[in-house]
Amino acid sequence: MAQAGVIKGTVPAVSSAERSFDGRVSRIRLLTCVGLIALWEVVATLGSYGILYNDVVPHIWHIVIAVFYELISASFYRDFGMTFAAHSVGFISGASIAVLVGIWLGTSKLIREAMLPYLNAIGSTPKIIFLPIIFLMFGVGIESKMAKGAMSAFFPVVFTTTLGMMLINPVLIRVGRTFNLNKWQMITKIYMPAMVNPVITGFRLGVAITVIGVLVAELKFADGGLGYRLGIYYEQFQIAPMYAVIVLIFALAAAANSGMTKLQDRVNRHMAPTTSKGKKARASASGGLGVVN
Amino acid sequence: MADILEIKNVSKTYNADGDSPVKALDGVDLNIAEGEFVSIIGPSGCGKSTLFNIIGGLIDDHDGEVLIDGHEVDGAHKDVGVVFQEESTFPWRSTLDNVAFPLEIEGIDKAEREETARKFIKLVGLEGFENHFPAQLSGGMKQRTAVARTLAYEPRIMLMDEPFGALDEQTRMLLGDKMLEIWAALNQTMLLITHNITEAVQLSDRVVVMSYRPGIIKEIIPIELPRPRTSEVIATAEFGTYVGKLWTLLREEASRGMAEAEASIAAT
Amino acid sequence: MADILEIKNVSKTYNADGDSPVKALDGVDLNIAEGEFVSIIGPSGCGKSTLFNIIGGLIDDHDGEVLIDGHEVDGAHKDVGVVFQEESTFPWRSTLDNVAFPLEIEGIDKAEREETARKFIKLVGLEGFENHFPAQLSGGMKQRTAVARTLAYEPRIMLMDEPFGALDEQTRMLLGDKMLEIWAALNQTMLLITHNITEAVQLSDRVVVMSYRPGIIKEIIPIELPRPRTSEVIATAEFGTYVGKLWTLLREEASRGMAEAEASIAAT
Amino acid sequence: MTRLHKVPVIVGLFGLLACAVLLELAVNFGWVMEIIVPRPTDTVLSFPSLQEDMDLVGNFFVTLGMTAAATALALLIGLPFGYFLYRREAYGVAYEGWLAAAFSTPIVLLYPLFLVIFGRNHMTLIVMGCIPGAIPIAIQTRQGLLGVSKTLLNVGRSFNVSERDMFRKIMLPSAVPTIFTGIRIGVMYTLVNIVAIEYLIDFGGLGRIVSQMYDNFSIPETYAAIVAVILVSTFFYWGFGRVEKWLRPV
Amino acid sequence: DKVRLVNSTKVVFETEHPYTGLEEGIFKKHNLDVSVIHGSGGAASLQAVITGSQDVVWGNGVLGVVSAYAKGAPVRILGSNIRGVQDLYWYVKPESPIKSFKDLNGKQMAYSRPGSTTDLAARFIAEAQNIKPKFVSVGGPSGSRTQLMSGQVDSGWSVYPLNKNLLREGKIRIIGTGKEASGLNGVTIRVIAANVNWLNKNRDVAKRLMTAFKESVDMTYSNTKRLETYAKRWKLNFEDVKDAAKDTPQSIATILPIAGLDKINEIALANKKIKKLLTAAQLKELVHPMGNKP
């Protein structure tokens, strides 16, 4: 059954069948949402009867109202702005350094093999643990959030860029040599376009991880930003606004992710794998693992 | 006709000062006249691509020398255009931009280079695909794009390493016709590396048969079939005779190549 | 000899009730006698693999019927062993375990199935590679592993879809010799699907020429070359004649196929 | 050959050592404040006292153990869920985007909710660790099963393989590498989340030690504890590489 | 003159005084341009001062300062921010059999984190009451509240004015306050501290700042309007803050001289915050009363 399903699944389905499948997918999504909301409400209701934990699971409408209040409050935008600034500066600086280092590692085998074990070790370590060092070095202001963001962004991008460099189809480089390209033309006409895809993948991961990195730093110590806002609400036990902030953060993170995915698809629209040996640079999977937090 | 390309006593050993040196070529001598169509045939692993890389200037630590018009070649040479065995189109460029690439590098302005590119796209029979990207094209079309790109460089010698090796035989024969057309139109010197006996006989003035490792020239067979040719020539009796002759020469080398390659796998 | 396999008026349209139906096969009729070696040749996209899937019981929504020993086939049949065009060895199994796979499925115990597997590994010339994994083997060796695995199933009919299509011509000719040896040893009925004229003539009793879409049988050419054969037969004059005849038949189809395939790409 | 292989390792070690010496000098000359970056020697020398005061090794195993437990839980959830998403195509399509989006959101921020439900104990850490671990496992399990080559399935069909054998002998082994990628990502995310929450709430193993040492202004000890965390992650990273190699020799 | 001030915690009443100074123009009057940011307990606020990214910390735990100083950090105490731990309180659910600290013998007693002020307070209370509770680290007031309410611990801790709404609604009952940590009464617990490099360069500014602080505290305690802004700032119910002046009386919260430093010295040693007792000279060097040289 299963295998037959897979095999038949590859035959382009009839459009009406396709439509009904899409319908089922939307129905499942809708039902899941309704189910989750219902479950939440049950817990919330039980909570207000004192059966489960008091107060920590507010009713959905409380959260919705809180979201609304967040959206009309000026201080929310101030905090959002701070997080956004820390994120942008952190991501851009971290990612640019990472691209340069990645290219360097990609070209020099010796340096790569010498450094990769250390990069992997730090890359797979939770970056939050470096917060003390970052606070010590960059102070506690927004600079430390930028530094944390840069650190978070650095690793996914450096790994994917290195991988991208290594996986450039060597025949394309040879093509460049036969046309007598100079170093600069080699970089701009061959290396860069051939690496766009893996690097964008790194960017996509990096954007998501930088969000986490900045928020966690704000949660630990800050005087503004969404993480700080979240922390204050939690400390004051203002649970509905706390969820409201979380909901908004999740929405922003998901939006950023889907934006990056779209960008990646756009860049890739003409592309078969840019890499040799059919090894697709599946950075989102394997390269992504060094990239955590 | 003067010899445009002279290959003099070329040898190449990979990993020469390592643990397991591989002698790929041993004293290859070959002269090619201007306008000639020469194929080099040999079993897999006999050093064809090595020779290709040496002539194309992509390997330089070899013994012996390669002369063009009597001058020694050092590095990639403007007169030699190469087409690789592997797929080598730029996946991020449309057919037009792929073909215009060498002109772009030379700094020719957009309008002019696109005009030239279109001319060569037409020549390889890809009119109407200017704005397609490689991922949308079939294997044969991608290789023709690569050929057009090299043609746009306007080299005097076209050097091709099994350009249609990955295609099925029938398609390859049809593309052979296309190559003959191009050759007739441009009057370049063609040096084709191939595995395929039919292709070699169909296209060439001379077929160079190489032995398995170390690659040496075993024999050079002149193909005296009438020109202009098309793939219809395959149906003639003379054609069959040439094929038979080449297979007799190659069979032994191919068997030895297969046996040795397998022996080296078994050793792992 | 009785007809072991009868293909009666088989047709197949992909995407029949969709927007763009593709008529792959149209009324194919073919009888194959027990012990016969038949090749089916046709241009790319003519429906060869479709026919292969129908005979192998891997497609069942077709018109017409396939009979083995006069009985209609429904699904995969124990008497038909198939070898696929694509690489189909299990990368996580050694050569031995790959070849023993069908026996393992049948529940034969380890010692016995390994003995049988070794026999077939020897037959395809892979002795010494029992414990190698596919990733360590060359393309030709992987395909031979797949052949041995199917042989281990001990089918009466071997049905092969371009098993050596991805290999270079010389290797393919040498493996053709191997196939002839196997055929001589096991006396099975062989139905080989191929692109390659040389291969078809080298191996077959009859060559079935298919037209480009929709695939119909254009002609059946009996090959009256003496048996037992080896690839040395390629050097004979009769061989050349057969090749010429087939290419004349195929050239038109192949050109049409290439043109139509490109037209459909241009439309995208 | 082997000698050649060691060159990068030596270069790497040498580079590390050079950095350490440079740092040592920088601190000694007062270019860097000692209270910001301690001398590498002080960091190394603080390990014994860290062990004595905070039971570094014990807490190393606490973090390790919780990561292992959370990973086990993540596998228990992720594998069947991934299989379910594969079997029910509509569910797979419906949820795949959501899972990917959820994976990119800062799930760690939900820690207050979990603190509330499970209390300030190891359970919270394990549960919070397993969620980000289960997501990639589920995604990759589905991907792996979907990606099984059609040809290999056809091979199975041509040998009349039963449905059960088809799954056990063909689908599962071909999906293993992809699933394993998911597991490896999952483990790393699990570890990251556990340590992050340890650090945020001052509870648990190594993350707590880092936080506490920092709160105590014991800067060399803070650095030493950070090094210990790096060792744990390296251990997992390396260990899983090993297991993977062992499972799929070629 | 610019002063970068870090307020070491949030919400509690003490944090309001710098805002009074800011919003009532007291700093301006003294020619000070003060910027205020917040920490959330722990060491980060003090770190900010030590690394020089902030100049002065308001309301930092004294143990942290002593500990940092002992390790050579460039930090000096300017004044006492609060004495004792009166603003902490412990509570239970209304139906709980626990009536006072005495009943906590063998029961769970909450504190925030090891080495924190609540930890210290809880131990001193246990000592003063001669009881042996099981100390449980529950994290901040919110964590404490949820764990108590969901029955995970027997008692919770909080700090005024947090959770007063529950108190008002009768959902919790106080069993005692930090007043009962008699050993800590009158001992300086939170301090104002500054980076010594900044201090040496801006001694005049520091003095003016301390004076302004003193005026700000007076103003906060005397002006009910400040309570309103306070409630609004942290989105608190005014009901819950109107007794703030009683919960944290000015008698312990005014800018007072440092008291009980020797005791702090011993506690720090006992809690492994320092490796050996600070010498008298060191203690003298540490404190710059009101910004003046010791």
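A, B, C, D and E label the chains in the order they appear, each numbered from 1.
We take it that a residue touches a chain if its C-beta (ideal position, glycine included) is under 8 Å from a C-beta of that chain, and two chains touch if they have at least 3 such contacts.
On a predicted model such as this, the values are computed, not experimentally measured, just so you know.
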Minimum number of chain-to-chain touching steps separating chain B from chain D
2
Comparison of A-D and A-E (more C-beta pairs in contact)
A-D
Using Cα averages as centroids, what's the distance between chain C and chain D in whole Å?
48
Chain C to chain E, mean C-alpha position gap in Å, rounds to 85
How many angstrom lie between the CA centroids of chain D and chain E, rounded to a whole number?
38
Quick one: which residues in chain D touch 2 or more of the other chains?
35-36, 112, 116, 154, 157, 211, 214, 219
Per-residue multi-chain contacts in chain C, two or more chains:
136
Touching at least two other chains at once: which residues of chain A meet that condition?
53, 56, 136-137, 220, 234
If you look only at chain A, which of its residues touch chain B in the complex?
169, 171-172, 174-175, 177-181, 185, 189-190, 193-194, 196, 270-274
Complex interface listing, chain C residues touching chain D
56-58, 75-76, 78, 80-82, 84, 86-88, 90-92, 101-102, 104-105, 133-136, 150, 153
Seen from chain D, its contact residues with chain E in the complex are 33-36, 53, 112, 115-116, 119-120, 201-203, 211-212, 214-219
Using the touch definition from the top, list the residues of chain A that touch chain E in their complex.
52-56, 135-141, 143, 220-223, 228, 231-232, 234-238
Going by the contact rule set out above, which residues of chain D touch chain A in the complex?
7-9, 11-12, 15-16, 35-37, 87, 89-91, 93-95, 98, 100-101, 103-106, 108-110, 112-113, 116-117, 140, 146, 148, 150, 153-154, 156-157, 163, 166-167, 171, 178, 181-182, 184-185, 188-189, 191-193, 195-196, 199-200, 206-207, 210-211, 214, 219, 222-223, 226, 229-230, 233-234, 236-237
